[in-house]
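Down below are the structures I want you to see.
Two complexes come next, and they have one chain in common, chain A, joined by chain B in the first and chain C in the second.
Here is the complex of A and B:
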């Protein structure tokens, strides 16, 4: 009985979300470029790429593709020189690249293309909606494609997320509608050493750069 | 002339706060009325002096008095109410020298000018707020709004609706109001994080000035009570019990402003990407036995020393005189700021 109630409740919620998306749509906020040095180190890129084949066979192909290119990936990440960390994960039916880096977002993506563009060309063969390839020939398309596949990053100050909202009681609805458009979201982030760049850390630790 | 309320602002701020607490008792603090004192010591970190030449960061252990409090101006203790908690710390720096750090469990304030705050305080006058009916709940469901909650389960008179309406009309009040909506009730005064709200200027021995914000983070970690049933004075009881078993410890963390951060506006959060420095650790070892002395003790957010000084935040400037005014109204000790009156 409780499962039936839960199912009916979810059905009603879906209908309400559709209604409110029509009645009071909420645009996904676009963040402005900031000039502070602290804003330009340890940036996050959470690239979520839906797999074309979500069976275990398709997932295994994605794992093998990353494993087969690990030297190219690690050497490339070392050569970029501004990467704090990079992870290649399968989460649900998605291939994910989750990285922390210093500097400009577009420059970072273009660095990716130049140091391991061929890995990306292999990678996009296993994703559901690939951009034009080879990516080296279509860098602008690739940058745009990456931007549309990044998890939306919720700001620490929630009041900045919906500046046009005139009634704070509606913020929870705004959030619901935002999540309906952006199912993948970065909710919070923590750094043990905020505001420090890869270069500063490697220099301080004496491990060369 | 400090604290003399030359333009009447301090009195107006004081009176506006009293409007929010009709049962306020003359002779007590207008807000954060119920409190408990503790004593201990502060040990600065080795790196603190790189950022501040203030005496409390020079290297020696400093005696400290702390008063924890509930935010309400009511004299009736309701530790279980969903309320802001306060932690006022006084660093005893030697003969007649003190520095205070006043922090609360909200990371941002509700107003960026004293006049704004007057409006905000007046909006928070409690009104009878009946429990929502099934119809109200249905409407909220259809509007995709959360279920309403009552901050103080004992009190049907509530200023939340007025505050919400004010924040809807004043963008600067929104971050603080949203933060207040997400408040939790801690299991202990020693298990909450407290923020100084305002920006201060930290100056090191080389004269390098940095704009900074400060927080006390509990070493035991943050823990809310959740839905647990607790006695109305459990925070007081718990602190005494805790200190009998060992010190309650807090780390003083300092965040350094980045380029473009608003250093005079306490309604604006800074991003978590800002440089964060450990300035030292506080050890609270025993309760303050003399409760009357604790209640008379004056704290002031502008009581600072060279090396950690006030920014130009207009709310901080107004608090200086408002706290002095309040101190005199209730016959407090330790005012005026810098006057050595005890």
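Here is the complex of A and C:
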């Protein structure tokens, strides 16, 4: 009985979300630039890319494709110069690139294209909804595509994410609608060191930057 | 074999690949009042009526400079006003469609420089359609060309939102007293006799024009569609930049006093060297000039610190042929030309930088002219003065905004200056500002200076090719 109630409840929630979206859609939050250094280093790019083939065979192909290019990817990341860390993961049915970098989001994505566009073209062949390729010829489209596949950062204060919202009571509804469009979010991140750029950290550690 | 793609210069607007270097400029900021007449003017000005209509000046080499030149640029609202369909406008880069004001924080236009404080004409993006720019040898020629343009077909084609006049100063100086516009990119396949020789790599023409290979390996920027509209066009980050000369001069004085009181004063400027300058100056004045040189990277007469670190008039003169011919590899720590200096931030040349593959990828063309009367230190007048700046590039996001965002401000290019902003044009706040002046193996930090350049307005403009202007004329007709 309780399972039936739960299922009905979920069905009603889905219907309610559809209605909300029709009645008062929530615009996707836009990237907000800040001027302080602390807000411009150690940024997150969490790229979640659904696989085109989610069978074990398709997943294995994705793993092999990334593994075959991993040295080139690491060299490229090093050449970008602003990358603190990068991980290439297969989580669920998604190929994920989780990185921490310094500076502007768009500059970083464009550096990605410039440094290893050809590897990325190979990578997106296993992705369900790839951007136009080769991505070197469509850099602006690639930037847009990345922004729609990012697990965006949810701020502690939701009003920062929806600056246009006049009614604070609507913030939870806005978040629900946003998660309906893009289910992936980053809820929090802890850093064990202060807001320094990767080059500042390397310099302090006596490592070539 | 690599084949260099060169543009048809008759199709490219002038003053992009090569500068006009004319002393009088007027920017007419306009609304399209009557679309059919604007269409007619576009067609007349691009070849249909060369007799009675001043033609849009193209980039073809000239044997003899014409006395006046005229160019035209448009905003996204201007494209719409001329009848360009929404999908075509949306095929332009997002930053252009969004407009300069929407990118204000990224490019450092905050506080007093925030768009809400801009002059009225720049706060009405829906009405800001077209900017027509007249360059002239003499003021009366500028007046005449502008008046004839506004009187086209009896007048009323465009409504004037503002007119911005600029006038160059003797010796190519700007209000802060520096000789300006010395370094410009040299483009592959484009001969420009005005460019000074240097050993900088030639820049792919795709850094300035849409449709060509760019300095980013394998990357071409997307052409707005239809391609006739985009190809051979360029973007212009047009900015009205107030320059606070009195505050800047006060900073030079206080910074010089700080340095003179420092135990490292003689390391900063060898004792007595000022007597070798031509003309000789006092030690205090010499230190002021040194500060001015250190924050910019050149002495105010244009001589680069990289070639002459202690004197604007070295014994072995730095001639025109050498004034832009230098790199930073011999000076990795910035003891000659500080890493935080303006010219080293704008264009790090061959220096080691954090973004290892970015050294030569953000080159832009700068065309600027002073507005307002020259500053007279004996007669402070409180009059606004500054620079009408055009920053031309094929990608506002990749070139102009990147330079503004993480090189001029933030200083991400070198960890030793990360967290500081450019002294001359940066978004500084006296509570936090700092300038790192390397001295030998050590460094002196100059602190507590305010912002010296405030943005008074601006817009992201598109300079279409001549074919594109004709296309606009045809669809608007």
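For this structure, a couple of remarks:
Just so it is clear, the second predicted complex is superposed on the first by the 203 of 209 C-alpha atoms of A that agree within 3 Å, B and C clash if a C-alpha of one lies under 4 Å from a C-alpha of the other, contacts with A are read in each partner's own complex, and residues count from 1 in each chain.
Keep in mind that, in the parts below, a residue touches a chain if its C-beta (ideal position, glycine included) is under 8 Å from a C-beta of that chain, and two chains touch if they have at least 3 such contacts.
As the structure is a computational prediction, the values presented were derived from the model and not from experiment.
Taken together in the superposed arrangement on chain A, chain B and chain C fit without clashing.
A simple residue count on chain A separates chain B from chain C, and the partner touching more is C. Of the two partner chains placed around the shared chain by superposition, neither chain B nor chain C is touched by A:67.
Residue contacts after overlaying the shared chain place A:176 against chain B, while chain C stays out of touching range. Angle at the C-alpha centre of chain A formed with the centres of chain B and chain C, after superposition on chain A: 90°, rounded to the nearest 10. Of the two partner chains, chain B is the only one that A:166 touches; chain C does not reach it. Contacts of A:157 after superposition on the shared chain: chain B is touched, whereas chain C is not. Once the two complexes are overlaid on the shared chain, A:37 sits against chain B and chain C alike.
Contacts of A:115 after superposition on the shared chain: chain C is touched, whereas chain B is not. By the touch criterion defined above, A:11 lies against neither chain B nor chain C after alignment on the C-alpha atoms of chain A.
Once the two complexes are overlaid on the shared chain, A:91 sits clear of chain B and of chain C alike.
Measuring only between alpha carbons, the smallest separation of chain B from chain C in this overlay is 8 Å.
Residues 34-35, 37, 41, 196 of chain A touch chain B in one complex and chain C in the other. Here chain C touches chain A in the complex through residues 93-94, 103, 105-106, 108, 110, 216-222, 353-358, 361, 397-398, 401-402, 405-406, 409-410, 412, 414-416, 418-419, 427, going by the rule given at the top.
Note for the complex: chain A touches chain C at residues 32-35, 37, 40-41, 79-82, 102-104, 106-107, 110-111, 113-115, 117-118, 134, 136-141, 143-144, 196-200, 202-203, 209. Every residue of chain B that touches chain A in the complex is listed here, in rising order: 108, 142-146, 164, 167-168, 171, 174-175, 177-178, 181, 256, 258-261, 268-269, 271-276. Residues of chain A that touch chain B in their complex: 13, 16-17, 20, 34-39, 41-42, 156-159, 163, 166-173, 176, 189-191, 194-196.
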